[in-house]
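So, here come the structures, one by one.
In the two complexes that follow, chain A is the common piece, with chain B as its partner first and chain C second.
Coming up: the complex of A and B.
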């Protein structure tokens, strides 16, 4: 009897303790959260903020009045988040837009986000951010860019895996358009990044970008151009010495990736016998050889080993692709094309930008530490003086289903 | 201690695994990389070997004085007053260690998981949980260790697998290019990540077969070396030697990068965080238990579990002393250097040497043989 009472008392006590101590300060119901999917950061440029995205223009500017010029207004921060109510199918009460985008002005990202707290009814959560967009003017401003990158890396909610792109023009505009295929901007950008069917932009996640800036002093970020109802992510934006250095073309960005041992399955068109032959690159392996010649100069030999398919030729009876001599002709032509593009890019980075964006210095440090000892103190100069030789070895594997 | 239950050597291994792996593993990849660049993992290996050697010395020492903990036999070896001072220092060391453990736990939990929960609440709940275990006897601690060690070690290692494509093992190159001088200076800070093994000074007499202690310690420490090397290698492979030095807790950052493809929970760092809570809990509880035991034995109390709660209060206030995360780690460095290395590495060796010189070893040696015959 007594033990039963004891047991009952201890049970009540245990339940009481659990109920009273399990209260959690950090409990947030999922529907109280605002899941930010895209984050766009621009430099605040007074007078230039009047134009806005076509749709949702009314719901964006801070309090509908034009933000004035003041030392406090340095950044324009915009976020986009999905309409969770609509996705859940809660019908009538919720607004019909699939996503909401808002924008505000503030001295830094964090204060700007607090501005949103005065306007939005949920708890702004950055754990699911899929894309970070940086505006052109921001990237051109050394101080602001480094501030923003540090803030984003320091914030633990934002994953290091999130995709980054530099927007030509205003990053804010990207969040306010209604894309044709996928209404939610963040996921849309993420999906473009994930497909890996093209080498025309260089997908780099945020962690890789900051690592690259720390290790090599620069990074190539994808360039995003905002259209009416879609984006175009192509080409690149070169950041060097803590700020914007140059825009890079699509083919240049592709060649940069070839030299870095990664590229999407892209198509290279070469001219063989007066016909343009599309060659699909399916595999690429890059080898680096570094040695010192008799004069003491450091030499770098980059060998690209590629595999791929011929995608098309010309409809004819007398000419077929099941011909080894012809295939070899195509292979040589592709090799020439690739080497030419890579050499061009390498030359540009050695002489014009003077930036070792591939981490060749790192490679030397890892694999040829004895050479690194001599060059590490003035690597930037040594990089420009590096004699680089690029060669390619292309193998055509398949030609499609007709001869 | 005869009324206490005894622990098996498996339980000792579990206690050691759960004790030594605590707050240190979070910062370890950064500290070793700062010290030795890509060769950091070798420092970890070397530090572990030193810890193994010292734990063998401690177990020898324990065998010389069967049935006694360091609190008693330090008095025998270096006279009563000095032994008392030693024990008091040892006690302070554990109390401070508990305070650091609790504070770092609070800092990391607040940063990654519960950013609105007050540090005080995090520390109090952790300390109460640890105090509860510290009131029990050693066998309970051993069983808890046995239960919890697989819980936090196995999943943490499994969760690394999806991250393999993100890793670049060439980041560990060049091999053996760090200057020996740099390695030596780094070594001092690395050995402290193995602190916790010196608890053997207290636990050996509670073993059913104290002779097995050395073997159990070697196995446990070898496993810890493997886990530490794994943590360092994965973090360096993922971030490279430059970036890793910017990350305060690189071991967590590794899990921030890893995504399990297609899984419901995309980011696993929350899960890993929860597992780490278990690891910290076991560390804190064992140190707490050690502090309670030393205090009880210094005061020669028959029943000393009642000291746990007042001690929890003391640890709580100590844990709140540092002002910010930077100060926490500065104090922790000073603590490791001025208390950790003496109590973990120097003093046990000194005690052993003095005991040998004073010829106490022979007596102990005989006792060991007698015991061996008995148990054989």
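Coming up: the complex of A and C.
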């Protein structure tokens, strides 16, 4: 009886202690949070950083309107968050106040976020960040870029799945414009990334970017250009050796993706009989073959197996598109086009950038360890000397509806 | 069964009522009458009728009964008329006259079907108070107890708490004898035993134990008998009294005894080897042992096709889970882990919550309590007003509270879904248990988020695992090693798959059907039931008619040939409680 009482008392005590000491401080009502949807990070450039509007509130710490140059001011951090009250009921409405964007200056992201805390009435929550935008100047700064990426990677609230883009110009501007269709910048950018109807930019989430930089020493990030009321995400930005290396064109980025076994449904136009024939690529499969030839050189053969549709040709009585020979003609033309583009990109990366952005080395390490043994010490050099042969095999599956 | 070793020792006290039985009846009619009148002083519902019998009116008789508890027509016709008139006109030979009047009355005077001699006047008094009548004869030391029970009673009606779409519509009533009859009609097997005892020092309520002799687990049966005998209470007014005495763990929130109003359910349970406890004066029959799985079942599961039944069962388990955790999940996610839900939903919830003055936890508690209030008010109020409460409450909660900005619309949805889910649990008592647990889990998740929620569920699970009902694990067959019983757990397998009785419940005779055979014992029985439905109805009707005093005649005439049968059997069965031991 006594032991029972003792047990009950200890149970009540344990429960009481547990309930009163644990948790709770973590409890923040959902409406008291500020859901940051987009995060833009720029390098602080004194003098050039004069902005209108909300920037007046910047720099409260220093007490002056104009952010001054000081060792403390290194980064401009901007966030955008929705006006959730407006979302109630009607869903997203285009409105003046559908989103709020603020910006501040600080030595690092974390201190900047703390500065937001002195200005905003809610609890800043990064769990729903949809896009991280890096400014051009930041990407070009070796020291700052790696610092920012590491800080972002360690932040537990930010998902690895966030899309990252490099903004030509200032990343901050991207958050302050009012896009036409979707007022909330973060989700807008995310939706562009997710549609996968084009191969003209390379959607890379944050986790992949960081992994790629770690494993290959570089990464291709999508490039975002800010317009008046919209964005254009196209092309890429090559980061190599801890900083910006070069801008890449849209077609180059597309070829990079083909070689990496990724393809959006994109259209390749080829010239057949003097007519530009649009070919819609729907499926792509890349195979790699690696072998050592008699001379001891490492060879890489990349085969692209593609399927797609011919979107149109010319309205005519004699249906060329029903003609197998003609279709084969188109197939060969597409093959030539793809191979040319891929070879160009491969060439560029081998000779100009000297960066194995596809992780070919990794592939060799995993599947051909005997070759890897020889090249692992100076893989970068070996990559440039790799003799690469690219071929494509295109099949037309559909030619559209007639009659 | 080794499981029974863990039963707690029970108090072994004898009913103190036994000492009364010492008083033997006297040979003097006056003395006996005086004794009864003394004991039953100020009991104005007891009627004494003294009369004389014999062609020279030389024998003094007295009839004693409790008005309202007896079938007065029957007493008039079969006792008074027979004794007073027929013996008067009979041409009695001297031999008979000098003979034993008592035995003459017993053997050839009384034309009722159920008569018993009783030596002890106290025992006969209890029979009197149970609805039997006493015939006292001057000069004899015994009392004749006549089975004459017939009180106003509710007829067999559709059970209120366990209605089904498909299945029999008859439910138990307050009269125990009808209830045993409903069982016997379903199981015409000599192995169906209905053992009767009296529980309650003052109420002396009839309690019957029903079981299938060759199926029941003898250990369970013994344990049930032991626990029933150990009950020492003044009155048993409902089977809930008995339940609270025989359950294993009084301080558990979960019911460990099943109660039902449906005879078909009891019959099916008896065939599984369980024991039914039928209590007089209540339509609720107890079934032991009970497992959580059984409490989630509905008798309809076995009448519908197995696909449908399985789907509904899974739905029921899911709804129990939803009713347990949904508000807690909402609180945990909105207050602790908003990163777990899709962005659009998170923003929407945040939007709907702007301006709500309470944290989600308080909001949930307010709404849940309002709901419980509404539910309780709706039960207590009579039907039409209950509906009004529903409308007013629905409007107040649903519309006004949201428009006033006191609660968020999502919370209203959460609470509404929770309420609907909790009503979808087939057993009311389990539903209540989950409802109370819900508050506990809400509190935990308000303090610790999802971590608290999971801890609450784990605690519940640990408790459920530790529960036992009459030696059967409460989570059987989900725990244990009788895998074939899983066919009747989360899903309901086709009948032919469930050809064995559940090993956790039954004690023998494990094969319940020959798969592919034309005749299965249980299948045949239920088929017959359906065939003779018409006949049974007439019988039940005439039993009812016989009970009403005034209307008796008309009912009997109408029932025609079937009447005698029904009346007789009804009378015989009703006499049981008084005259059987």
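By definition in this document, the second predicted complex is superposed on the first by the 356 of 403 C-alpha atoms of A that agree within 3 Å, B and C clash if a C-alpha of one lies under 4 Å from a C-alpha of the other, contacts with A are read in each partner's own complex, and residues count from 1 in each chain.
Please note the rule applied: a residue touches a chain if its C-beta (ideal position, glycine included) is under 8 Å from a C-beta of that chain, and two chains touch if they have at least 3 such contacts.
Treat the numbers as computed from the prediction; the structure is a model and nothing was measured.
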(message) After the superposition on A, what does A:187 contact: first (chain B), second (chain C), both or neither?
(response) second
(request) Could you tell me if A:306 is touching chain B, chain C, both of them or neither one (first, second, both, neither)? (result) neither
(request) May I ask you to decide whether A:127 touches chain B, chain C, both, or neither, giving the answer as first, second, both or neither? (result) both
(request) Once the structures are superposed on A, label A:210 by its partner contacts, choosing first (chain B), second (chain C), both or neither. (result) first
(message) Per the contact definition in the header, classify A:345: touching chain B only (first), chain C only (second), both, or neither.
(response) neither
(request) Name the contact category of A:26: first (chain B only), second (chain C only), both, or neither. (result) both
(message) On the A-aligned overlay, A:367 touches which partner chain: chain B = first, chain C = second, or both, or neither?
(response) first
(message) According to the stated criteria, A:161 is in contact with first (chain B), second (chain C), both, or neither; which is it?
(response) first
(message) I'd like to check the shared interface: which positions of chain A are touched by both chain B and chain C across the two complexes?
(response) 24, 26, 127, 159
(message) With touch defined as at the start, can you tell me which chain C residues reach chain A in the complex?
(response) 334-336, 338-339, 343-344, 346-356, 359-360, 443-444, 446-449, 451-452
(message) Quick check on the complex: what are the chain B residues that touch chain A?
(response) 38, 111-118, 121, 125, 170-171, 173-174, 177, 239-240, 242-243, 246, 253, 256-257, 259, 267
(message) Considering only the defined contacts, which chain A positions touch chain C in the complex?
(response) 19, 22-24, 26-31, 33, 35, 37, 82, 84-89, 125, 127-128, 130, 157, 159, 187
(request) Mind listing the chain A positions that touch chain B in their complex? (result) 21, 24-26, 127, 156, 159-161, 207, 210-211, 214-215, 362, 365-367, 369, 372
